[in-house]
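Two complexes come next, and they have one chain in common, chain A, joined by chain B in the first and chain C in the second.
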Partner chain A sequence: MTPAVSDVKTLQIDGIDVSAQADQTILDAAREKGLSIPTLCHLDGLGDVGACRLCLVEIKGTSKLLPACVTRVEEGMEVTTQSERLLKYRRMTLELLFAERNHVCSVCVANGHCDLQVLGQAHGLTHVQFPYRYPKLPMDASHDRFVVDHNRCVLCTRCVRVCDEVEGAHTWDVMSRGIGSMVITDLHQPWGESDTCTSCGKCVQVCPTGALFEKGKARLVAKSRDFLPYLAMMREGK
Partner chain B sequence: MGRQILIDPVTRLEGHAKITLHLDDQGAVEAAQFHVTQLRGFEKFCEGRRFLEMPYLMSRICGICPVSHLIASAKACDAILAVSIPETAAQLRRVMNLAQVVQSHALSFFYLSSPDLLLGMDADPVKRHLFGVAETHPMLARDGVGLRQFGQQIIETLGGRRIHPGWVIPGGVAGPLSTENRDRILAGIPEALNRTQRTLDWFKRTIETFREEIRTFANFPSMFLGLVGAEGELETYDGRLRIVDESGSIVQDGIDPLRYAEFIGEAAEPWTYMKFPYYKPAGREHGFYRVGPLARLNIVTRCGTARADQELAEFRELRRGAILSSFHYHYARLIEILHGIEKIEELLSNPKILSKDVRAVAEANRREGIGVAEAPRGTLIHHYEIDDEGLITWANLIIATGHNNLAMNRGILQAARHYVSGNHVSEGMLNRVEAVIRTFDPCLSCSTHALGQMPFKIQIIGRDGVLVRELRRD
Partner chain C sequence: MNRVRLATVWLDGCSGCHMSLLDMDERLLDLADRVELVYSPLVDHKEYPEDVDLVLVEGSVSSEEDLHKIRKIRRQSKILISLGDCAVTGNVPAMRNPFKTAEVLRRVYVENVSVESPTPNQVVPALLARVRPVHEVVPVDVFVPGCPPSADTIFWTLTELLEGRRPDLTGKTRFGA
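Moving on to the complex of A and B:
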């Protein structure tokens, strides 16, 4: 069915004329046009939360930077996705992520298959200007098949969303606030003692870093995430 | 009055350290201490990590012999998995360890020590380095670089990268060896053998000129410890511990490495971060021993390869009983390079080396694991304990260089007493004191798991506690 004319918005992204449906986000519209905006917490097939702030874009008429993954397109918008200012903030965001916990790529199980690492490389991150916090965080290896290493977690909440939205178990959630935030299983019980976990492993597949991984493997192989858009499409009949 | 002489830059030691020489009223050397000044603490910060992570984590201790740490750590993890790994996996690990012995020995002999041997202990420090050697003895320098390359390329061919290859994993190795890669390694063997033989022949011709150094470079009775194979042959991957005394007689033989704690104690001193392992039955005072190439050639019945055995026979002509001068670590290192190359050829010539069966898969079945292997510098022990979830609760590492700590301290005292007196101290004299340490080829970053800059400093302190002289490199 052809959408009604009023459902279609026309806007400019990086000077290119783009038309998009009213319920689309700037990120969707840009990617459909082949324009790349860096993302970390966003994953096709999961709801967006705008947590990582890497997809911030400039919109003419507002001095605030807005996250492309949760900002809907509007008629006549003029969006800039690449600028010195944006690069500066994206790099700063990445540096803060690296400084917050213990991200040591050389000995990480996800080395070579890590979204954070790829983003760091893509943004030319050679050092971090903020002092590292070196928190002493535990690993939970109580689950039969999976391990969570909080040292590598960036709090993107992909695991929380996939567990809730796709698997329907809602084993994962976030506790505390700010710098003290942690992903937890059930009511902060050891993962192995979780009543709700179905051991489906979707959280492990969507984790962007080495925070969630399978036992019995010394090194991680590439994660498989193709199932998500497929599941979303089949369930929602899109 | 304190006076300082700066040597900058001076290196030729893997890691850095400080030597203190204490003088008496007459200006003679009374005591000597070899300080390793910093700590990295791998044993502590691996606590709480998953045991399967350990080989990769531990190999980061050192960029020179990461393979030995990988292997000792993977063996400790094999023990936790309680599996016996496929034979081909063990042989492939063995090839990689030998390749590392070759490259590491080449580094020590050619890059670090050959400037002293070729240009002279008293040569101008500005020129006393590998580039100086390359100018005056281009063939020997080329052989050194070539041998290092030979070893490093084997590691790269097997493990995908030269430094910190993640290929040695608990249960075996990550992938089999292809025919093409085997042939590529084998093709390099003849040239590597020639390079080694040429250097050995030169060294044997030159050795007479170092009579004084041989006599005074940590030349004293001690025990020697290392792994030997089932028939007493030279072994770097597996085997059992053997200890011989200064006469070459066997003190202990066939010790299962898992029982290391019954025989090796560890003491600590407040003035250095490096621990002092000692032979428990003889006690802290008398239980000192040496490990590494010299020790291995002293303990083995034979090398187990044709050319190396020939050289070993000649080596043993040096003295009845065990060879005691640490100067001969250099000699032993060359023979071990020869053995390594021959053994790699032998292992790769067996068609079974191409087997695809290279990994045993299991979960943790035991709470504790011990892995022992011979690193280029001597016996390396990794010992882990885990909890129910497979997380490390305790780790102990005994590093090759640590075993030699007591001997190194006595060695510099011996050399300093001979060469140094408070009234006249030349750079060449002090270089000889450093050269004693170089014979042991210590890897200080391994032995203390040290972090960051470690300047090498020699201090001479008079009886009144006043600093007479200091040599330092930063």
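Moving on to the complex of A and C:
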């Protein structure tokens, strides 16, 4: 069915004329046009939460930067996805992520297959200007097959969302606030004692970093995430 | 032509960056025509000289001695290059940072030994409370991440600097590379 004319919005992204459906986000519309906006918490097939702020874009008429993954297109919008200012903030965001917990890439299971690492490299990060915090964080290896290492978690909540939205188990959630936030299983019980975890491993596949991994593998092979958009599509019956 | 005065320094690292440096193989000969190696763990100079043009620093700043050395190195060198993840991020040496120094020493010299020996407190330099990347202690001019950075990356960085350019390492290497 072709959408009604009123459902279609026309806007400009990086000077290019774009038409999009009213319920599309700026990120969707940009990617359909082949324009790339960096993302970390977004994953095709999962609902968006705007947690990482890497996808911030400039919109003419407002001085605020807005996250492209949760901002809907509007008629006549003029969006800029690449600028000196955006690059500065994206870099800063990445540096803060590296400084917040303990990322030791050389000995990390995700080395070479990590979204954070790739983003750092793509943004020309050669060092972190903020002092590292070096928090003391636990690892939980109580599950038969999987491990969570909080040292590497970037709190993107992909695990929380895939477990809730796709698997329907809602084993994962986020506890506490601000810098004290942590992903937990059930009511902050050891993962291996969780009553709700089905051991499906979806959380491990969607985790962008070395925070969730399979036991017995010293190095991760690339994670597989293709199942997500497919599942989402089948469920919506599109 | 005056040759460029090059130094290389080994602080708290595994010497892997120096191994990678040697991995430049025959390109070392090209470099030898253009630089004079005035200080390095690979040669036998005891004192860090005055007026160094380029210095490659491997390793993080982990002990009182490292701290003393890096300050002197900074004072006496024009361009300081942080070489490798230990120098750039703290890397593996910094994994002790969430723990207190006393806990670390107890773990190494008491809990993990079959024959107990006293914890050394003389001759060896005292550990700093926190391992720190070089740029948290002194200003750094060029950052070359990697564990270790490849010989190609090091060679390219050095030749750029010898040509008087500031190397742009975007996309060339990364943390953990």
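As a convention for this text, the second predicted complex is superposed on the first by the 238 of 238 C-alpha atoms of A that agree within 3 Å, B and C clash if a C-alpha of one lies under 4 Å from a C-alpha of the other, contacts with A are read in each partner's own complex, and residues count from 1 in each chain.
What we mean here is this: a residue touches a chain if its C-beta (ideal position, glycine included) is under 8 Å from a C-beta of that chain, and two chains touch if they have at least 3 such contacts.
Remember, it's a predicted structure, so these values are computed and weren't measured experimentally.
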(request) With everything superposed onto chain A, say whether chain B and chain C fit together or clash. (result) clash
(request) Look at A:A141 in the shared chain and tell me whether it touches chain B only, chain C only, both, or neither; answer first, second, both or neither. (result) first
(request) Considering only the touch criterion stated at the top, classify A:H188 as touching first (chain B), second (chain C), both, or neither. (result) neither
(message) With both complexes overlaid on chain A, does A:V107 touch chain B (first), chain C (second), both or neither?
(response) both
(request) Examine A:K215 and indicate which partner it touches, taking first as chain B and second as chain C; both and neither are also allowed. (result) first
(request) State whether A:H170 touches chain B only (first), chain C only (second), both chains, or neither. (result) neither
(request) For A:P131, decide between first (touching chain B), second (touching chain C), both and neither. (result) second
(request) Go through the superposed model and pick first if A:K60 touches only chain B, second if only chain C, both, or neither. (result) neither
(message) Quick check on the superposed pair: does A:R85 touch chain B, chain C, both, or neither? Answer first, second, both or neither.
(response) neither
(message) Tell me which touches more residues of chain A here: chain C or chain B.
(response) C
(request) Among 37-45, 73-81 or 163-171, indicate the stretch of chain C whose C-alpha atoms run into chain B. (result) 37-45
(message) So chain A touches chain B in one structure and chain C in the other; where do those two contact lists coincide?
(response) 106-107
(message) Which stretch or stretches of chain A touch chain B in the complex?
(response) 106-107, 109, 138-142, 147, 149, 192, 215-219
(message) Show me the residue ranges of chain A that touch chain C in the complex, using the header's touch definition.
(response) 98, 102-108, 111-112, 117, 120-122, 124, 126-129, 131-132, 134-137
(message) Per the contact definition, I'd like the list of chain C residues that touch chain A in the complex.
(response) 82, 85, 88-92, 94-95, 97-99, 130, 133, 135-136, 140, 143-145, 147, 168-171, 174-176
(request) Quick one: which bits of chain B touch chain A in the complex? Just the residue numbers, please. (result) 48-50, 52-53, 55-57, 60, 164, 166, 169-170, 174, 361, 363, 388-391
